[in-house]
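Below: one structure in structure tokens.
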Amino acid sequence: MLRSPHRAGLAGALAALLLATACGGGTTRESAEEAGGPEATAVADPDAEIPEGLQVAFLPKQLNNPYFTVADAGGEEAVGEFGGEFKEVGPSEATASSQVSYINTLSQQDNDVIVTAANDPNAVCGALNQARQAGASVVTFDSDTDPECRDVFVNQASAAGIAETLVRLTSERIGGSGQIAILSATPNATNQNAWIELMERELEKEEYAGIELVTIAYGNDDDQKSFQETQGLLRSYPDLAGIISPTTVGVAAAARYLSGSEYRGEVALTGLGTPNQMREFVEDGTVESFALWNPADLGYLAAWAGAALAAGQITGEAGETFEAGRLGEYEVGADGEVVLGPPTVFTADNIDDFDF
Amino acid sequence: MADPSPPVPPPLALVEVAKSFGTVRALRGVSLQLRAGEVHALVGENGAGKSTLVKTIAGVHRPDTGRVEVDGTPVEFAGPADAQRAGVAVIYQEPLLFPDLSVAENIFMGRQPLRRFRRIDRWALRERTRALFTRLGVRIDPDRPARGLSIADQQLVEIAKALSRDARVLVMDEPTAALSGVEVRRLFAVARSLRDSGAAVLFISHRFDEVFALCDRITVLRDGGHVSTDPAADLDADTLVRRMVGRDLGDLFPRRTTEPGDVLLEVEGLSRAGVFTGIGFSVRAGEIVALAGLVGAGRSEVVRAVFGVDRYDTGTVRVAGRRLPRGRPAAAMAAGLALVPEDRRQQGLVMELSVRRNATLTLRRALSRYGLLLGSAERAAAREWTERLRVKAGALDDAVSTLSGGNQQKVVLAKWLATGPRVLIVDEPTRGIDVGTKAEVHRLLADLAGRGLAVLMVSSELPEVLGMADRVLVMHEGRLAAELPRGAATEESVLRAATGREAGVAA
Amino acid sequence: MSVRTGGPEAPVHRARGARAARRARGIRELGVLLALALLVAGTALVNPAFLSAQSVRDLLLGATLLCVLAVGQTLVIVTRNVDLSVGSVLGLSAFATGSLFVTFPGLPIPVAALAGVLVGAGCGLVNGTLVTVARVPALVVTLGTLYVFRGVDHWWAAGRQINAADMPREFLDLGRLGLAGIPLPALVAAAVVLATGWYLASYRSGRELYAIGSDPAAARLSGIPVDRRVLAAFVVNGALAGLAGVLYAARFGTLDANAGLGLELQVVAAAVVGGVAIFGGSGTVFGAAVGAVLLTTIGSALAVLRVDPFWQQAVVGLLILVAIGMDRLLAARSARRLRVADAVGGDGRPGPAGGRGEQRRSTS
Amino acid sequence: MTEPHVSARPAPPPGPARRPALLAGVPARRETSVAGALLVSVLAASLLVDGFATGRNAGFLILDVAAVALIALPMTLVIVTGEIDLSVASTLGLTSAVLGRLWLAGLALELIVPLCLLLGALLGLMNGLLVTVARLPSLAVTIGTMALYRGLAYVVLGDRAVADFPFSWTGGAVAALPGTPVPWVALLIAGLAAAFGVLLHATAFGRSLFAIGSNADAAAFAGIPVLRAKLWLFVATGAMAALAGVFWTMQYGSARADNATGLELSVVAAVLLGGVSIFGGVGALPGVLAGVLLLGTIRNALQLADVPSDTLTVVTGLLLIVSVVVPNLLARAREHRRRRRSAPAGPG
């Protein structure tokens, strides 16, 4: 389907340019036809064996991102358990275009399972679908793509669970009233937006009536930018009582800024962070508590989900179940989502139990 | 060379120095002694090898064979710094200034007076510069940047630079070309005082009056070879010219008799603020008109404006009665104008490109068919013109930079003649080319004029001006100072007008 | 690129009278300073918190890295070269410093810092050698080493991240503490600016850098050891990028292989905005430093003003264009004035339009 | 020294009558070694890397380099004249953002695309005017517009992504020619490459570009409208960057302001690798195409061989340096030898 000569569009545009003719009713947003992914017609067989030597490739947003290094290590553990071959590839810059190039390579290499975290929910779609047509099972984790383009999405935590946890942590810390701001990654990060939306809904609840969400800032998951944005927030909103940063880069940068400023201990900060990055800020009192799932578990589950797909135990339909090694049994939810579980809350009491 | 070597070895000597550039043999075994306490003149035509000799002394070029001796000891200059350490200072023909730096810094670059901790002593820097300028009798602010200095001022800064080195050997490569009479006299006074304090001075000039006024001995170079070295007292100008040219002057300039036809180039009231003012003249078919004057008088600027490479503020240019738009060389070319520019390497040719590409650069459109420019058409056109002008080139696809100066100039001429011009402007047509080619170029110009072209020739060489031109226009400080018909044009009358000492027939 | 003139139509001579020239040069740096003052004042009017002690500290801290890098870049640009690899050098040196602490936990801080600087100097040496010995244009060399150094960094880091916890507390404090309210890194940057500026203005070799950029051929003929000076400029620039890497490590505490990614064009932009001519020969480190502060302040000011942060980059781009446009305008105006003045009065000498040596020079 | 038959180099082999003529315009130097390197790496990859020598992979490879190739074509001409345009990737991004914005506004793609190309031409025109009329150095100008255009892209679309383009376009962009694995965009690139190649190597305009790049003064003295030529090249570069932007958006099905960030360096690297001198005056379009494909091939082969991306980065950089250093050193060695040979042997 993708290979068919549907090139009328661009060629037509060139022709239109050449003839310098304005056109009347062309392809507009309203008339856009829906793109369809490959149809999932297979039937799940819950008892199917996971074949030996399954080739599982992890394609994170970028290499050199410690979060993904941990997640991929979890994946490697799982792949070892079911006797497959693990590999991790990826671009050194977190761009969708280089990810596409890697997906193409993986499908060219006939990998059985591709586990990826998408840099752009749509840009990688075409390549993923092509890989699926070539026989690969596609699992997304951390950042989903358009559901059309993958078989299963392993969600780190239910969006509602994250939103609820973060709002609760903040509220506890600021005593239930005051101005708060959100420091996000990029505005088109799917998961960030979902969480922000749910946090806004959560804040509408009676118990949080005293809390006002004043703004959302974007640090682009860039340390220095997040650092600057934190400064900007505190400059613009002198009465700011709390910041929620549901991104590991953002929360670490914000914590570092606060810990070196006069606002330490004055402004409540919470968010999603890794224990290793946040340890010193918990110890010095900048941060009281923060949350995260265990990325190693996330990778571990994603690998198992991929194996289950490849084996035919599941097809991505809601209600199917599969075994995920030490994590036990999981069920596929609506839209092919598998949820890892509620986030872990880290405080000074338990942070030393974790090393990632 | 009759005179015996002095008992004291000379501060600097060249022994059998030869130097080639590609196929061009710039120096062929030249020996030269610069003695302490003498001003030594070096004369020769352009292209005789003077500049190469200077650059060898300066440590820029290393001789292929032969050697340089300092105080009788052979030395090898690895670079200009070595020569400077040996006490050689050079004033180049083209000033080598750093436009962004102040005049004082230009003079003392690398030798700035220092204070404690090897810091530059700005105060001393300024004062020493002032002192130098006082000695030269000029007024230039030591703190102004070199950018924007007039040619003469740049030359003076160069002279000050050389003076500041307290050199034992001072080389001056045409230092007076842009200077006024007063400045020249001051320069001579300085040179003499240097000589009297025991320095050796090498003086290069085209002006025989200066050579005879200043110098103790005179060396003549021709075609890269040494011709003679004699005490100035034993020589006269005619002998020098004969030795420089190697034959009688008459041979160089073809005799012609043509009746001037219609006016083909007409310039009226051409002005560009600060460059030239109120220039007006005309050139007829079959006529060769020379535009003479000192370097920096604005001659090249005028012809560039006429051709459209530079803009002008007011005035008109007409070719065969049709007015040319300003600043559009393409339009000038279409009207039948051609300009062989002054600086062959920088303006006339694209040195990296092949002979073929250079020769057909002006014909790009004419040679295209259906918008395509094919190599075959290009090659044919290039071959035709290079053969007509007898360009000596290895292959048409060789880079033009591999040719000798004379052959390069022929390529430039070929490129312009190929456009079939009605008016040919040549700016310094024989600068830096050998005598043989020079004569060829002169014959060619005469021939072209004979066939009805209007030729406007800018030249700094008086013999060329006097030998070739039907009329001589003389510029002085951006204005036309005189218009002299062939009969009235003499070395003296032209020079007088060029130095502004006397107004001739106002144009 | 076009080291040659754009076109010969008007061989432009930035002719200026002495006073005009000095004034113009002063004006250029004053102009940037004024723009900075206006920006700060304007922002402070809208939000007085912008001038609070904390905020000013943040501003200074934010400008530190760019400042140090812009100073080094100025050294190179002044010689008519450019170094695009500084972002990668910073990343490499930052990671090197961090890894040293990981490998040798008890390492004295000065040793680690020195090592970081040396890593940078080594990178600079590679660039400088390729430029001077192999005679490859600096733009090409440093575009290549931009990839190479970053690749080495990635290969070394191999997905690891060095966290604040891996580095000594005292080292991280260097990035935060300060003297009399001024953060230490900002003091270091100020020292670098002053020292380099002083060196460029007061030492022979410093002035020779300008001479080289002003006219490389003339510099050679004047006996200036051009290659050695250019090499030195690259090495010092590398060392300063290394120093910036050390400061980065101290300040951010979290190091992965992407530190300083894409910083190179910002650095060049800071220098250009600060009045350093892109084709060498003129400009001061003070200008470059003010340019760096201006660029970072724009970022902070827009964040404080809650201007859509998306505008930030566009504003920076516009600023660069305005800066080089102003340079050009000032030069053209004083050239015209001098040309006319020369023609009308004074010693009546014609202008220097025939100056051959001038024509090839860039009219930037 | 005086050969009676001044003839061209013996390079072009006998072939159809018009081929040598066209080829003669292409100087055979650096670009032949780049083409050789391309050939060698393709052969080596085919033999050594599993899955490289398949039609499908070739398709992937071409799609990967498509945007770089499209922009490298006009960039070659710009660099040949001694200028540079670093704003191309930002022009691509801004085009992509505007495309997305207009699509959100409900316009038809058939209308949006020409508008985008026009926009690209205008952005190029702005660069060109700043370089030619204001006489600013292109390096500085395009560093400025690089920031400006990318900034405007964010202003237009923010950090959003617009992705709901019809499949006939997104799928069509990456579609293959019927019956082959070759994406149709290869044909587009080939056609445009031929057009730019002819323009550069076989027209009066192209000839003048080399002259401008080698010596702008001499070019002006030869009546070449130096500034106008440069202006047009910047316009063409803008338009081609916009075309690449449209293609990129459809290829990835996602209009974003940050599309193709940093691509300008890849483009410049490919052009330089292809033998174009950064100082202008030297270069050939076939060499640049070979350079683009060489970079693409090496990337693709190393990826298939599971070589990590950091190695790819190093290889790209080294290739660029080596491609300039080696010929430079060789030329100097040759010059040195020639001088030593010719010096003592001059005829008396």
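In this document, chain identifiers A, B, C and D correspond to the written order of the chains, with residue numbering beginning at 1 in each.
One rule holds for everything that comes next: a residue touches a chain if its C-beta (ideal position, glycine included) is under 8 Å from a C-beta of that chain, and two chains touch if they have at least 3 such contacts.
Just so we're clear, the structure is a prediction, and the values are computed from it rather than from any experiment.
Asks: Which neighbours does chain A have in common with chain C?
Replies: D
Asks: Give the label of the chain whose average Cα location is farthest from that of chain C.
Replies: Result for the farthest chain: B.
Asks: Suppose each chain is reduced to the average of its Cα coordinates; what separation in Å results between chain C and chain D?
Replies: 29
Asks: Can you give the whole-Å distance between the Cα centres of chain A and chain D?
Replies: Measuring from centre to centre gives 36 Å for this pair.
Asks: Taking the mean of the C-alpha atoms as each chain's centre, how many Å separate chain B from chain D?
Replies: 42
Asks: Based only on mean CA positions, could you tell me how far chain A sits from chain B in angstrom?
Replies: The computed centroid separation for chain A versus chain B comes out at 73 Å.
Asks: Would you please write down the residue numbers of chain A that are in contact with two or more other chains?
Replies: Where chain A meets two or more other chains at a single residue, that happens at 63, 92-93, 218.
Asks: Residues of chain B touching 2+ other chains?
Replies: Only 309, 343, 346-347 qualify.
Asks: Which chain D residues reach two or more other chains?
Replies: Within chain D, the residues that touch at least two other chains are 158-159, 215, 217, 220-221, 261-262, 308-310, 312-313.
Asks: According to the definition already given, which pairs of chains are in contact?
Replies: Contact pairs between chains: A-C, A-D, B-C, B-D, C-D.
Asks: Going by the contact rule set out above, which residues of chain D touch chain C in the complex?
Replies: That would be residues 79, 82-84, 86, 130-132, 134-141, 143-152, 154-155, 158-159, 215-217, 220-221, 226-227, 230, 257, 261-262, 265, 268-269, 272, 278-280, 308-321, 324-325, 328-329, 332 of chain D.
Asks: Along chain C, where are the residues that touch chain D in the complex?
Replies: Listed in rising order, the residues of chain C that touch chain D are 1-9, 12, 130, 134-137, 139-141, 143-155, 158, 257, 262, 265, 268-269, 272, 278-279, 308, 310-321, 324-325, 328, 359-360, 362-364.
Asks: If we count contacts the way the header does, which residues on chain D are in touch with chain B in the complex?
Replies: 1-3, 6-9, 20-22, 24-25, 198, 202-208, 210-211, 214-215, 217-225, 281-282, 342-344, 346
Asks: Along chain B, where are the residues that touch chain C in the complex?
Replies: So the residues of chain B in touch with chain C come to 58, 60, 79-81, 83-84, 92, 94-101, 105, 109-112, 114, 118-120, 141, 143-145, 147-154, 272-277, 295-298, 300-301, 309-311, 327, 343, 346-347, 477-478.
Asks: In their complex, what parts of chain C are in touch with chain A?
Replies: 47, 49-50, 52, 54-55, 58, 62, 150, 154, 157-161, 163-165, 175-176, 252-254, 256-258, 261, 299-300, 302-306, 309
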